[in-house]
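After this come two complexes, each holding chain A, first together with chain B and then together with chain C.
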Partner chain A sequence: MTRLQLSLVLVATAILLAMPLVGGNYVLRLATIMLMYATLAMAWNFIGGFAGYPSFGLAAFFGLGAYAGGVVQSTGVSIALAWLAAVAVGTLFALVLGFILLRLRGSAFAIATLVVTEVLREVTNGWTGLTGGGMGLNLPFFGWSPSALSAFFFYAMLALTAVTFVTTFIVAHNRLGFGLTCIRQNEDAANIVGIDTTRYKIYAFTLSGGFAAATGGIYASWIGYIEPGDVYDVLFSIKPIVMVLLGGMGTVFGPIFGAVAFLVLDEVVWRSFLELNTGILGLLIVILILFLPAGLASFDVRSLWRRAVTP
Partner chain B sequence: MILFQYLSNGLILGGLYACIAAGFSLVWGVLSIINLLHGSFIVLGAYIAFFSYTVLGIHPFVSVITSGIVLGALGYVVQLGLINRVVAQSVLVTLILTFGLELIMNNAMLVAFSANYRKVILEHSLGVVEIGNIFIPLDRAASTLIAFLLILALWLCLRLTSIGRAIVAVRFDREAALLMGIDVKRTYAITFALGGAMAGAAGSLLSVSFPISPLSGPLFLSKAFVICILGGVGSVPGAALGGLIFGMLESFGAIFFGSEYALTLSFVVLILLLLVRPHGLLGVKGF
Partner chain C sequence: MTALLELRNVSRSFGGIHAIKNVSLTIEPGQILGLIGPNGAGKSTLVNVITGVHPASSGKILHKGDAIEHLKPFQISARGIARTFQVVQPFPGMTVVQNVMAGAMFAAGISSMAEARKVAMAHLAFTGLAPLAERPAQQLTLANRKRLELAKSLAMDPHILLLDEVNAGLNTTEVEQALDLIRSIAARGISIVIIEHLLKVVTGLCSRIIVLHHGELIADDPTAEVMRDPRVIEAYLGSRFAERQMVRP
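Right after this comes the complex of A and B.
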């Protein structure tokens, strides 16, 4: 990490730690959502950014984590145990699924992960005895004041974001990250030079699923009510991808910058177009793909300036 | 014989599913992009049929033609103007682009048509015929017949016409096709248009049997995907076979597991198939 990056991380951490002391409930809520998406973006980055495998199934793990945590929490055990259950279920499911699906390459893998989300939604909807089906699941409310609650969930999400960030950093500077980058550039070549590509991909997919499930677990406790259509929403798969594309694929800081930029846009622009929300998101995606292939880094300020001042 | 009843139900469903999947499979095979717009194309085709019938009184079996032409033209424009710019890039790029377009199209349809489910209710229905103890709804059977005729037409078009041979050539070897003087970009656009036309036609046929809403796009897309893998990517006969298998799975699966698990069941079958035969049932090169 360069000195600039380190100081950036320290300043951001300090601001975030102090946030519940100064910000109101609205600010805290916004900050928690931002942390949640930053975590999801980093989770996707493991498989999609480093390994270049276009997973469209983040919502599957997010929803699975939410339901695993929610169901365990409704039995009355402590919240920490519920979140652990979310992580365990999500990680295990990602491991098994990765073992099967990572035989597929490229587009087939992508759409298979998309279908997994639909399947999990169908199962959750049908398994009324456990999940409450389409009626949704109400989580026990634990009688704290609203400000204490929002501070608690803010710190919980912040802790998760920090863990995900540190993991991303370790992976990026480690054999695993190197191997995954090789896979992204040329999988056959990576295989020939002795990288166990299947194992590496499964690791990346499992990391991705585990962190997404953890996010889902915290989300469920925070919101207090979940239903299949809400937590298995395909937008939970798509928005993190857009954020990573905005910020830069396979980088350490890109997903976080992308998440912040995306949510600022979300809060400033889209609030005024409720009905056209997804359409504008689609438009953003099209513009991003066709005109800004390197994400926000395409706006090279210095070259723009040079172009502006030279006659 | 209740068994034969389920068999005929599966057959009738299967024809419609085959029609849904054929265009999707063609685009995937030739352009190696997954067209996430396919589900919305089907829905728009169904809406064209719905409004043609309720406003102008045109029978859905006739508006198959208009739906096909409109969606084919839309597909041609989208491919030529937008997707061709990034068609050579990684899967993620093309996939996310079609997803972005899907969001726009879906949102537009939600605003225009609302999320309510609608179905064409025919005034002069062909009714139901009883053979032995099997009940066959004739409207559905007719739409299945038309679906198979459309698939046959697509297959013949790929076999016999010069543009069809160009499409197959581009699929086999893009560079060689380019050297033989084939305009690859135009061929891509025509392939995409054919895929769109099949989707629109399928939508028209579906409107007689299924309620339609902008929300049903993703479900059709998921089914098309599963059928496509079952039959083998890019193969038109494969899509027909995959569609029939899918129809049977859905029909017989409903007896044992209930109809709400149809997609789950076929997905499990798909995963098992992938473990033993990764290229699908008819997954050979060429058509």
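Right after this comes the complex of A and C.
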């Protein structure tokens, strides 16, 4: 990490840690959403960014984590145990699924992951005895004050974001990240230089699924009520992809910057164009991605400055 | 003594097409072996079969006495069998040195990235690419991409190197430079199998030549004998030319 990056991380951490002291519940809620999407974007980045495998199935793991955590929490055990269950179920499912799906490449893989989300949603819908089906699942209420609750879930999400970030950083500076980048660049060549490509892709997919499921678990406890249409929403698959594209694929900071940029853009556009907001947001993102193929990471501030000041 | 690499009755078919039929051969340590044959004779397929890219349909492949015909490409490269591709296969968006590091980190098993970088730089210096180390691989000229393939393969720390037409598309000067490089690789004690179209290259480098024709091994002899072999001349130049050659001496 360069000195600039390190100071950025420290400043951001300090601001985030102090947030519940200064911000109200509304600000905390926005910040929690931002952290959640940053984590989801980082989760997608493992398989989609590093390995270059276009997974459209993040919502499957998010939803699975939400339901695994929700169901366990409903039995009355501690919330930490529920979240652990969410991580365990999501990781295990990703491991098994990766073993099957990662034999596919390109669009076949993308479609397969998309279908998995639909299948899980239908299973959740149908399994009324366990999940409450279409009626949704109500999670036990804590009985805390609203401000205590929002601070608690803010810190929980922040902790998860931090763990995901540290994992991303370690992966990026390790054999795993290097090997995954090789796979993204040229999978056949990667195999020939001695990379066990299938195993590496499964690692990436499992990390992706595990972190998405953890996010889902915290989300379920935070919101207090989940239903299949909400947590298996395809937008939980799509938005993180757009965020990573925006921030820079396979980079350490890209997903976080992308998530923040996306949500800020979303908010601004929504305020200015109440009726056409999604259309305009989509257009803006298409333009950004077209002109900045490596995401916001391709912005070279120094060279822009040089070009601006030279006559 | 067990051979370094031994093929026993190896065949490979794609649907109804027999790309390789019953090929048996051995590769001894420190040899430069030429593999020639007309277009479509199965030369590249043979390399693909040895390296596990297209597993053999039948037959045995022994490396230092162990059967390896069922292994995956990454396992075979970890055993010290490296190859280059006829159509070069770089990691286009990565820098030249990162390309070479990949070979050092995975096939050669160097776990420290700093160490792998050091090794990679040494191989770049050896292949003359050191000044281009920080360039993206996609910016290299064809001749340099071929060198990059060589550097990457060498970083895998192989004892057998299979070179699939490393000289194709190069001009005369570049071919000469590539040949010097191949000779110095052989001087390190690495066995080399070189697939080549230019006979001048093969005769200049190899002490022994094997000839494939329609997927079958039609000759496996010292270079001088192969060049006189009527079957080889026929395969390359047609039967009428072969007859004339036979009458003359």
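Going forward, the second predicted complex is superposed on the first by the 276 of 311 C-alpha atoms of A that agree within 3 Å, B and C clash if a C-alpha of one lies under 4 Å from a C-alpha of the other, contacts with A are read in each partner's own complex, and residues count from 1 in each chain.
Operating definition for what follows: a residue touches a chain if its C-beta (ideal position, glycine included) is under 8 Å from a C-beta of that chain, and two chains touch if they have at least 3 such contacts.
Keep in mind it's a predicted model, so treat the numbers as computed, not measured.
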**Prompt:** Between chain B (first) and chain C (second), which does A:G134 come into contact with in this model arrangement: first, second, both, or neither?
**Reply:** neither
**Partner with the higher number of touched chain A residues, chain C or chain B** = B
**Request:** Quick one: classify A:F56 as touching chain B (first), chain C (second), both or neither.
**Result:** first
**Request:** With the two complexes superposed on chain A, say which partner A:D196 touches: chain B (first), chain C (second), both, or neither.
**Result:** second
**Message:** Let me test your reading of the model: by the given contact rule, A:R175 touches which partner, first (chain B), second (chain C), both or neither?
**Reply:** second
**Request:** Scan A:V234 for contacts with chain B and chain C and give back first, second, both or neither.
**Result:** first
**Message:** Please output the residues of chain B touching chain A within their complex, sorted ascending.
**Reply:** 28, 32-34, 82, 85-86, 90-93, 95-97, 99-108, 111, 218-219, 222, 225-226, 229, 233, 258, 260-261, 263-264, 267, 271, 274-275, 278
**Prompt:** For the complex, which residues does chain A have touching chain C?
**Reply:** 173-175, 178-179, 181-182, 185-186, 188-197
**Asked** For the complex, which residues does chain C have touching chain A?
**Response** 51, 53, 72-74, 77-78, 83, 85, 89-94, 98, 101-103, 105-109, 111, 113, 152, 156
**Fill in**
Interface with chain B, chain A side, in the complex: residues 48, 52, 54, 56, 100, 103-104, 106-108, 110-112, 114-116, 118-119, 122-123, 125-126, 234, 238, 241-242, 245, 275-279, 281-286, 288-290
